[in-house]
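One chain, chain A, appears in both complexes that follow, with chain B as partner in the first and chain C in the second.
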Partner chain A sequence: MVNTKNIVREPLFHVSKRDELSFGKKTIVYVASVFCALLIGAIICSIASPKGNPVMFFVSLFEGVFASSRSIWEMLRDMALLLSVSMALLPAFKMRFWNLGGNGQILMGGLAANVCLITLGGVIGDFWVVLLSVIASMVVGAIWAVIPAIFKALFNANESLFTLMMNYIAQCCVTLFIAIVVKGGSSVLTDDQLPQGGRLPIVGNQFLLTIIVGALIFGFMFIYTKYTKGGYELAVVGDSQNTAKYVGIKVKSVIIRTLAISGAICGIVGLLVTSGNYANAAIGVGSAKNMGFTAIMTTWLGNCNPIMILVSCALVSFINKGMPQVRMAFKLKGESFSNLVVGIIYFFIIACSFIIQYKITFSKKKKEAK
Partner chain B sequence: MKKLLTLVLTVVMAVGCCFGLASCGKGDPVVALICLHGEESSYDKNFIDAFEAACEAKGLSEDQYDIITGIPEEGDDCYNKAVQFASSGYKAVFADSFGHEANMIKAAKEFPEVHFCHATGTKSSLSLDNDATNDTPANFHNAFASIYEGRYLAGVAAGLKLVELYGDDITDDEAKIGYVGAHPYAEVISGYTSFFLGVKSIVPNVTMEVKYTYSWYDELKEKASALALINNGAKLVSGHADSMGVPAACKEKNVPNVFYNGTTTEDTFVIASKINWQPYFEMMIDGALGKGTIVKDYCGNLSTGSVQITALGKAAAEGTQAKLDDVKAKLISGEIKVFNTANFTVRNAKADTSAFSKAGAITMDADGHLTAYLADVIDVGDYVGETNVIANGVFEESKHRSAPYFDIVIDGITIGADVE
Partner chain C sequence: MIMFLQNAIRCSAAFMFGCLGEIITEKSGHLNLGIPGIMCGGVAGGCLSCYLYMGAIPDYTQPSYILLLLIGIIGAVLSGVFLGSIYAFLTVTLKCNQNITGLALTIFGTGFTDIVMQLMDVTKRKQYFSIASTYIAKPLPFAQNLGWFGELFLSYGALVYLAIALCIATGIILKKTRVGLHLRAVGENPAAADAVGIKVDTYKYGSILTGSSVAAIGGFFYVMDLVQGLYNQYQPVEAVGWLAIALVIFTLWRPYLAIAGSVLFGALYTVSNFMDVSSQITNALISFIPYVVTVIVLLSVSVIGSKNVQPPSSLGLNYFREDR
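Coming up: the complex of A and B.
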């Protein structure tokens, strides 16, 4: 029998909080992890595909984004949308309110815009349709976020589940709307069933308006969270509700107000992905393009810092835009493989934020004298 | 260490970019395919396989065609991809999903020298009517196939199976079949009606229950619907949706199954019908290369090879092949018309008072047979029928437009409650 009493078992490694890394070091870790992720993606694609090599992966990834000025515009537009949604989630997250309902708020905003367009387009002046669409999408998006906020503020209901549930209700609302409008039963609303008048104007090209709105939202949220009383209050509420109470902040109204802003911005995104869409203004259950969830990741990766969120949105948009080109170049006809690669890339980026915050210390092996 | 890694990777990137510049001079691109989903979906796989086969048959090298998957119907992704293909030299672009149509028309207007082709769409029939306000550009094309002929043949095989199982004196209870449909619109209704009429040509007292899933791909719901149909007494189940849900349910309950767009190796598999897009894609490639024209609103059929039935499965009845060959020849010669109005009645549809009733468009004689029907052939979003599609005692499906417009629920078919 072995005497186990005297053997001190030490874990192989332990994790401890790291001191703040310098900006340079942080950057190096981030850049390195992104490149590692891409390299692994490249290797996996090369193995999976009958043709292609790791170099081609990088080439086609960049080709997908920088092939033409048009694809660059597309990426910037997608990035502006994702950034807007991230900015919508930012104040909620700073307040430790986990708004997982971005998708639903976008859908409801888009739905409101579509309802305005289909009922008022051509009936009243285009300017008024646009104005009403803007107001309606903001209000409806805000309502969709405020409902769970009220329940959180008054009854302390779990906001993650509540906002998540609101996503599905929003989807059902869109399905219902389509079923009412599209009497043929195809469950697809097509662009030509909507009036041309009363859509958002084309500024410069089909992408610029969205990019400008995204920039404005970014600027607004940057200032709001950093330099305003409201932004300060929500940060305090996020840190400690009791502290907030004692310094005289009305916690309940801060929660509701913040979510109203969050939802209104998502509503604007909904408006942009429908009425502002040059080729197809019609809403569908997939109109939110899952941005409500992707933005959770970008906001989190950006550590709730607007500038860092901008960077992570750029990265995610870049990968999303480049991957279809990779799929095409590698003759991968299924989507699952490229989704796997995107997943790996995300995983690496998330893992690197762990490395930045914590350090892993391996236990030194002690040699016992016999 | 990390710096070293960064350095190494930067070098890799730099080299990659050089290769990228070097690889720019590939063969002239010809055709591109835009798919809603990837080859995980049997619907898209059917297009992808046919597209590759057509490109190979026409001698295109791999550089000359491209397939992009996962382009949603919502938003403008399809338009942007179509424009990207057009501006990088492709001569023809094909999109495979109904919701892509508006995107493709928009792109077609901007690139008049490039062909934009679209499956299952309805807009090209507009231009046939010389309606100037709704004209689609000449370089925009719709395509479909008279798949109802294939489904009719599959129905004949199903009828023979019922006769094999229950004999010639088949009772009403034994003559019950089931059908799982995706959405309640013409493409699906036309499909199950032709299938039903195929069965009816063998088993005159057949009745059919239809359940909708309201999704093109929902494996669990398709399976649950099929099981519910079997529980309601269906002796054979077919369907029109893109997953393997129905065959799985049939296997579980050991009930014969008629499939669509693919085959299964199960003992319960009778036969399947499918649209073969290869003939269309070959025409499209010829058109793209300037060797031929692309038909504005193309409808492939049995004789073009666009409509096919698969090899018989293990569950097919004895003598099925001979009968199918006979019926197929008669369909091609025109001796048999699938939607011959003498073969079905529409009393229930005429008596329908629900919101989606087609009663207003139906004119029938004392026996309940259709004598006139106003179908919504010219799709301007009004859902009001304007074209009488009955001629010489036949409902002329896919004649006025390639996409189906038979949307009457005929007598003998009942719509069952949805399965949750």
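Coming up: the complex of A and C.
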């Protein structure tokens, strides 16, 4: 600060960048903020409901998840799906490409899978139907992501809004598909309208296949982003497109290639949620369960680090699974309580990035002034 | 035909509020993807305050027009300010990522809305809101005597005119006043603005909060005027919010164009109600139009790439004085 007599007032504190925090300290910050967020959620719930106290919030949150082996399986499945979508978004985000179109890519993947199932199911061998579904969902999901990528690469079109619109166009496609397939004015494709033959096989129980695929996708992406040339190239493009150009990376093809991978993985997720061999599997407008958006949060909260993303996916699916029980315990009516609590957690973790990047220095009282 | 145009204009007000709110916010260099959540929040705030007001007066079938409208708007604005201040605090003061904060705000806002709406008694809510909406959507008194002119231009509730007035006012403020000049400077180059002594953070807070309040009124309008007080779920409001964000690009960040763009979107949004909807397939096909048109405009803007149609140049970037 300048020492002139004219200074009447010095700011109470000032903010400056700080050096990298150690891993331990970072963990403490994150854990503390999640806990604070949950605490606030608990307090809101106790205020909003006629009975109950904050402790009950935590108890019922755990009860909701660990009530039965089924609910644990369900949570693991949800987590695997969310993790897969997050892994799909990871390379795009590393490249600073804001792929907000996860929902649309999932829906289109699922749509492609169901089209295969309906047109081919029972016509050719089950194995071939499954194989074709897998290919179709990957290809269509990839196309849905590549369209914005091409325009981003060639004309620098704003990708976040483009992908957002693609979500809605995908929803319209699904509505159109259902209008064509379902006769009689109902706008819901029910399970019995899908042929039984040619659905995804059941491994162990109905959840295990999804979990295995999720683990495979996680492994693939972990290796792809860390140890391959493609993963290295997209990280360079994300850091600085100019640097990438100077070292001879073809920026445009990297963008398109990365988004093709991203979309293909979302397509597989679509296949998993729409072609399973159990009730309520068929595609609907809400089939993506908003995972495209949730995954944006988890990917960013995980700081584009696969392991951290795994942790944040686990946290989000845990809360989503536990919240219905909390609502029951507190006798709350709103179905979106989970949204509220998850939103608060997001705010807190987002705010963490401030604590990690910056430090606040309070200006000292001028004891030894001049 | 007049019916169709009338509906289009009426519907456009919802887009206008949302779009204008986002334009005001983006002029300060902040891309607020929380607008859908804020519009939902406006539903919650506006409806809750109307509900409380109608519950408090002796005869709920006879509310005072001015009070009802004012209380609703104030309620919506308050919730907009509440949600907007979360966003502003996180992105301006704490310099967090704008995209992520916005999305989190949308998730939070939809949850918030659903809960607030569930707090109200369902049957009472329906009674109250159907009456409130007849008041809020009440056309100008002399509209019937003026034939098609009256029907086309004067037959809307006060909020539609408020939307148009706000658009024009914003246009004037941005282009003609010192405040507008400063705000645009902050959005284009905050470091330069800071250097000439403009209080960057104050302007950012101001524009984010104003923008959020305007968008919140849009949500209130959607429920109370456009759909006649029927509220079942937040999804339609959220969809309008996303379209409003897309509309900002469509209108090239210009408040006057927002009026025209909103009317076009309103027309596209309501056109399916006026076509032969005997077949669900045509219906589904029509629902594509607004999104596809948006994409086409988005692309043509970026392909043309002219300097006049670009977003504020520091859009999406946070300003930290010591980074200069």
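By definition in this document, the second predicted complex is superposed on the first by the 343 of 370 C-alpha atoms of A that agree within 3 Å, B and C clash if a C-alpha of one lies under 4 Å from a C-alpha of the other, contacts with A are read in each partner's own complex, and residues count from 1 in each chain.
As a working rule, a contact is a pair of C-beta atoms (placed from the backbone, for glycine too) under 8 Å apart; a residue touches a chain by one contact, two chains touch by 3 or more.
Since we're looking at a predicted model, the values are computed, not measured.
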When chain B and chain C are modelled together on chain A, clash or fit: clash
First (chain B), second (chain C), both or neither touched by A:220: neither
Partner chain in contact with A:336 - chain B first, chain C second, else both or neither: both
First, second, both or neither for A:39, with chain B first and chain C second: first
Partner chain in contact with A:278 - chain B first, chain C second, else both or neither: first
Chain B versus chain C as contact partner of A:191, first or second or both or neither: first
Touching partner for A:29 - first (chain B), second (chain C), both, neither: first
Shared chain A contacts, counted only where both chain B and chain C touch the same residue: 185, 187, 333-336
Contacting residues of chain B [partner chain A, same complex]: 2-3, 5-6, 9-10, 12-13, 15-17, 19-20, 23, 37-40, 48, 62, 66-76, 78-81, 83-84, 87-88, 98-99, 101-103, 105-107, 123, 183-187, 214, 356, 376, 381, 383
Chain A-touching residues of chain C, taken from the complex the two chains share: 33, 86, 90, 94-97, 99-101, 103-115, 117-119, 234, 239, 242, 245-246, 249, 279-281, 283-285, 287-288, 291-292, 294-295, 298-299, 301-303, 305, 320, 322
Chain B partner contacts - residues on chain A that touch it in the complex: 28-29, 31-32, 35-36, 39, 51, 54-56, 58-60, 62-63, 67-68, 70-71, 74, 183-188, 190-193, 206, 273, 277-280, 282-287, 289, 324, 327-328, 331, 333-336
Contacting residues of chain A [partner chain C, same complex]: 15-17, 48, 98, 100, 151, 155-158, 160-162, 164-166, 168-169, 172, 175-176, 179-180, 185, 187, 293-294, 296-297, 300, 332-344, 346-347, 350-351, 353-354, 357-358
